[in-house]
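Working notes for the structure below.
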Amino acid sequence: MSHTITVSNSLIIDQYINVRKTSEKICEPLEIEDYVLQPIADVSPPKWHLGHTTWFFETFILLKHFKDYEAYNPQYNFVFNSYYESVGARIIRVDRGNLSRPTVTQVYEYRKHVDQEMNRFLTSTPLDDDLKSLIILGLNHEQQHQELLLTDIKYILGNNPLFPVYNISSKIITKSKPSSPIKIPEGVYKIGNDDKDGFNFDNERGRHKVYLPEFSIANELISNAEYLEFMEDGGYANFIYWHADGWEWVKKNGITAPLYWHKVDDKWHYYTLSGFQAVDPESPVCHVSYYEAFAFASWKGTRLPTEAEWEVASYYFNWGKRWEWTESAYLPYPGFKKEKGAIGEYNGKFMVSQMVLRGASEVTSKDHSRNTYRNFFYPSARWQFTGIRLILNP
Amino acid sequence: MSHTITVSNSLIIDQYINVRKTSEKICEPLEIEDYVLQPIADVSPPKWHLGHTTWFFETFILLKHFKDYEAYNPQYNFVFNSYYESVGARIIRVDRGNLSRPTVTQVYEYRKHVDQEMNRFLTSTPLDDDLKSLIILGLNHEQQHQELLLTDIKYILGNNPLFPVYNISSKIITKSKPSSPIKIPEGVYKIGNDDKDGFNFDNERGRHKVYLPEFSIANELISNAEYLEFMEDGGYANFIYWHADGWEWVKKNGITAPLYWHKVDDKWHYYTLSGFQAVDPESPVCHVSYYEAFAFASWKGTRLPTEAEWEVASYYFNWGKRWEWTESAYLPYPGFKKEKGAIGEYNGKFMVSQMVLRGASEVTSKDHSRNTYRNFFYPSARWQFTGIRLILNP
Amino acid sequence: MSHTITVSNSLIIDQYINVRKTSEKICEPLEIEDYVLQPIADVSPPKWHLGHTTWFFETFILLKHFKDYEAYNPQYNFVFNSYYESVGARIIRVDRGNLSRPTVTQVYEYRKHVDQEMNRFLTSTPLDDDLKSLIILGLNHEQQHQELLLTDIKYILGNNPLFPVYNISSKIITKSKPSSPIKIPEGVYKIGNDDKDGFNFDNERGRHKVYLPEFSIANELISNAEYLEFMEDGGYANFIYWHADGWEWVKKNGITAPLYWHKVDDKWHYYTLSGFQAVDPESPVCHVSYYEAFAFASWKGTRLPTEAEWEVASYYFNWGKRWEWTESAYLPYPGFKKEKGAIGEYNGKFMVSQMVLRGASEVTSKDHSRNTYRNFFYPSARWQFTGIRLILNP
Amino acid sequence: MSHTITVSNSLIIDQYINVRKTSEKICEPLEIEDYVLQPIADVSPPKWHLGHTTWFFETFILLKHFKDYEAYNPQYNFVFNSYYESVGARIIRVDRGNLSRPTVTQVYEYRKHVDQEMNRFLTSTPLDDDLKSLIILGLNHEQQHQELLLTDIKYILGNNPLFPVYNISSKIITKSKPSSPIKIPEGVYKIGNDDKDGFNFDNERGRHKVYLPEFSIANELISNAEYLEFMEDGGYANFIYWHADGWEWVKKNGITAPLYWHKVDDKWHYYTLSGFQAVDPESPVCHVSYYEAFAFASWKGTRLPTEAEWEVASYYFNWGKRWEWTESAYLPYPGFKKEKGAIGEYNGKFMVSQMVLRGASEVTSKDHSRNTYRNFFYPSARWQFTGIRLILNP
């Protein structure tokens, strides 16, 4: 981790406290029962998120750098490790939802213990740049899990026939007025994070040149009303708009609408974190897979942007409401190098068969948004707050 | 339900209170998190058991026979129904473990409400024999679920790497001294429940004649020590002892010991409701599948008893520690008739591809044990407290 | 194999030639391409049947008892072995259909070679009773495979959209006139093969007493017309007639009619070995699973016979057109003992989770039919020529 | 299909005859049985390839453009259609291997009929450019299937325990001497087919600019000897070299070597079209998946080329022995447009989750090789003649 982070210890402590509190705040509206479930493999139990982000600081900071620190509970490495093959045997991912213990109370006690020790560590130890980088990585890691917490909570509650409300006042997004498309001239542009200030992940680093032909891109995300036109025009019933894999996914899973949508009395409703309600035509469509985003673009006679196009144009439009699917597969940037050790497993090993999403969503931590950020999911994933922005001259 | 049950209302009220309290007592040592999980399809979440047994009284007694009673929460029919196809759509069974709501507190409130209404009903309404039978069926149904509660709790805790203790003082079973085998002479015998006193299920009714050749049967169950001999002799590695289906099950699942057994430092241990401990050589072997019971008998050069042999001989030996696998498939008795309506789905529709177990186990409700009782499971099931008794002259 | 078979060598040679020729005659109408396929795991490629029955004689007679005989091709043991775990590694069953070599011509050459050697052996060697028994077992084994050949050929051709004709003149079965049901009085009867004359399998041996209550059984099989009434009355759409497992099978596989039935222009047709034709209302219904036979009986308000009832009554009705499903699970007779060695794998290891069929079918070798014969399949199987006979006073 | 093809009718007739004969020549060494099988979903039966390529000409040329032509057998559309959703219902792909009819002889008759009609058509009809393009597309389509025929024949024979020889004199590839790597300077380059002369596919069209940083690429493919070093260094046992998906694929399928490799007497052998033989250390490694190519590059501390790098550098090295995996996902080129109608299903709908291969293999039709050609497979595929070329300054 070679890039320099010029932050003071006390600033790091403030950030640490702030990030850690935020995770717990997100869970405040939950019942204990909500913390335990894993209804599908993609979704992790909230108590696992709380434990796993804590395990990260214990394993990579305290156990390695804080003299005499001993593991709070050696079995927690087994329980809260995620995909880090180099840190010892782990529970296979689908089993996370089969563990009633440690209890929620015990997980919060574990958090409290690690937070106290982190405080002792940070107030007593001079931090070199590598260590600072590692702590900031841990905080960004936890912010990623904050977003996952919200998406997973939505899935857990939204697949319960009682449709429990998470937060009655959860924000409403309304669409701004349509405006002119953005036109970008042909040229060689630079994309990627220049690693000059602030935090970034290894997969976005390495600012590099790309050649782009001229293109125009929409100023706004596709709304529910526009997506409904696609549905009503038989978009889900006509293979011509779909990838072969996408069409098989539609058929096999009986997909006829975005995730969380239900037709009640012939009118479309959806589950939101504020409860079950009629679909708002003005809001940007949400919870669509890459297959659906592609099929929608196809039906419109156009296409999704590449990630380079998106990044270059992103200075000229508002983004941050939805993670936006791109036409780009998730691949390494020129010169990409995996970090050594377990941290190196963070991003690189997922660079096959997934698609890049750009932007951020309404549940993304705000200081965690930047236009070089590369999110990635398999093309069938849709439990994230995903959306669609189109190229206008395909 | 034609058989006469001569019990007074007040006796029924006493029984009702007693049975209902017992279910809640079983759950006392649980944490809220333990109530929610369904780690495999066979195992139901404890809160589902508590809700489902309550739903039975609400649906079949209160809603049908108590004037003006209205459903406590109409959606609970959807959530707590089990396999009764005639009572409306139900959640597919494997989804029970994906429901964090209703919460445990709400389930207990539901129980309280139904118990109060049942009390009002029982103290205000003259009961005809059919109604008494139905209530007693409901109580026996709940007693069945009490046994399932304990088996399922054991599975939930026993598959957690922390091996939490359920109840430190859970009873220890010691083997009585070996004694002479029981010899039954050839003859025509009667088996089945004569429906004269007490409760019984439709599947055990219809006392009828069977012809039996002479046979001898063991006075005692097979112990862990005896089963270990089979293991150490390569019993799990030699196809010759196994059914073709059993051998495939062993290979596919990598089975090398009964459920809950783990080898630690070259010594066999197992998870019990009192925690993780060394295998007791004197205790009857537990948690074996029919495939394993058959293979063990095969290795011994003998066989399991048929259910008719078991029932005829059962007057001469002690039973009640383990559900005992028999060589009999679960099939209707001569003259078996399904009840009309949803209650008719109770037993008959399972009469294919399952094997009969006789006796009762250490976690069976005591007044729920009788030697005509027919339990049944698929040949691979072993999360119940199952055991082995052998025929001695195959 | 203790029972005495008093047949001369020359009679055995005649039988051998006759049985072996019959297998090849069955395959005469086939194209080479038809010999190779395995469209589902249950169905074996015809060339495999021809090779496997030959391998049986080579392995168990020639290699063991004919001095200096050497394997025709040692790899054929690998290719043509079926389920005999003790005779060496074998191709997993589902892979039989992936082998284009040995070619059909090579398989016939293999047959020719083994037949010549068997002739040399039988004309040169005095046979003791055990050896005679073994050869006769081999011939009965081949006769079983002749039936399987015809059922498998029907499946291979009947699942081809071109519906090729196997044999234009394949026999038509017409229903005899309805006649009185057969009434059997209560009593202790004997069933099972007394092993006195002719061939029998280990699973049917051990004539033994059973007690039967009085019952009446139909003189005739259920016809297509009768089965169509069940279909038209919504039999496949009402769970009340089905086992839980059967209902799941219906739903999962979208079953709405017996195997090979297709509705064309609103009229039911089926594929037969003589080609595609309208369903004959008078013929006995064929290609139903145990689940369907049970559901049909349930809809009629009655049940299937047990195998003991069937055997005792079989002296009074005609049988041999369809394998008839019984209400009995496939379990060992009292005193059943597996043979030693590979031959012992023949029957016993299948005695779990399968149902007994009695009788014989239109494609069963005639001298292979006897009323003690116990056929067995899983309850979902229906590619055999199965049918339904009912008990009339359930 | 807008690009102009300036070829005369008579030249097209010559090409037609030549291509069609080549397919049949490839099948000459086959036994009839070899034509029928589909051992895995990826592999199609050779007779299906012969029928499908014929169906293409019948459906898209004769039925649409030859007055009065009637379908040879209307059911063949059902049997020989592949993935063209718009041309009517088709057999699901995995079922191709369950069809014994039409026979091989009938398929050759079908070919003969279509060839005669095509000859009548081509000698009697003036062809406009669109029609010429379509015929040439059909010929290129058949050339693609010629390569698939050889790969599929290798799979069918190479997975038979008898390892039959296809062609004893099949060519041996020896490695040329190592030479200097090729260095390409930074710059904006053009890639893609400029559609000026000869045939090309829609997915390679649209010559367009790309920016490339400086890179060096190997002059030679990785040899078996080099790959063996990776194997002997534990490459298949160390997750650090693999994508997460790749590692799961290795574990789940027990992969320890390229496809067709077997260790005999502690020495590596492989199946080739000339039979089973010792691995030649000098030959380029073959039959590796993208996962393996990536892991090998990772172990070497380098990476695979992108498709743009490959194409730009391809003028300076020899290629054509192996399809070479690139680091590029299969995505549309800028300005890519699907053709209208069924032909439009040719390529575009596969543009998700697959990786690009560049070059050609030893079994590719020679006039079918060009350095703009984009082949694509899922990252786990390895039954093609795939290989590895590395970037030398990652």
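As written, the chain order gives the labels A, B, C and D, with residue 1 at the start of each chain.
Following the convention adopted for this analysis, a contact is a pair of C-beta atoms (placed from the backbone, for glycine too) under 8 Å apart; a residue touches a chain by one contact, two chains touch by 3 or more.
In this text, all values refer to a predicted model and were calculated from it rather than measured experimentally.
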Taking each chain's centre as the mean of its CA atoms, the one lying farthest from the centre of chain C is chain A
Rounded to the nearest Å, the gap between Cα centres of chain A and chain B is 45
Cα centroid separation, chain A vs chain D, in Å, comes to 37
Taking each chain's mean CA coordinate, chain A and chain C are separated, in whole Å, by 58
Expected list for chain C, residues touching two or more other chains, is none
Contact graph of the chains (line, ring, star, complete, other): ring
Every touching pair of chains is listed here as A-B, A-D, B-C, C-D
Listed in rising order, chain A residues that touch chain D in their complex are 83, 85-86, 188, 208-211, 213, 239-240, 242-247, 290-291, 294, 303, 327-329, 331-332, 334-335, 349-353, 355, 379, 394
Touching chain A in the complex, chain B uses residues 31-37, 39, 47, 75, 78-79, 91, 97-104, 156-157, 159-162, 164
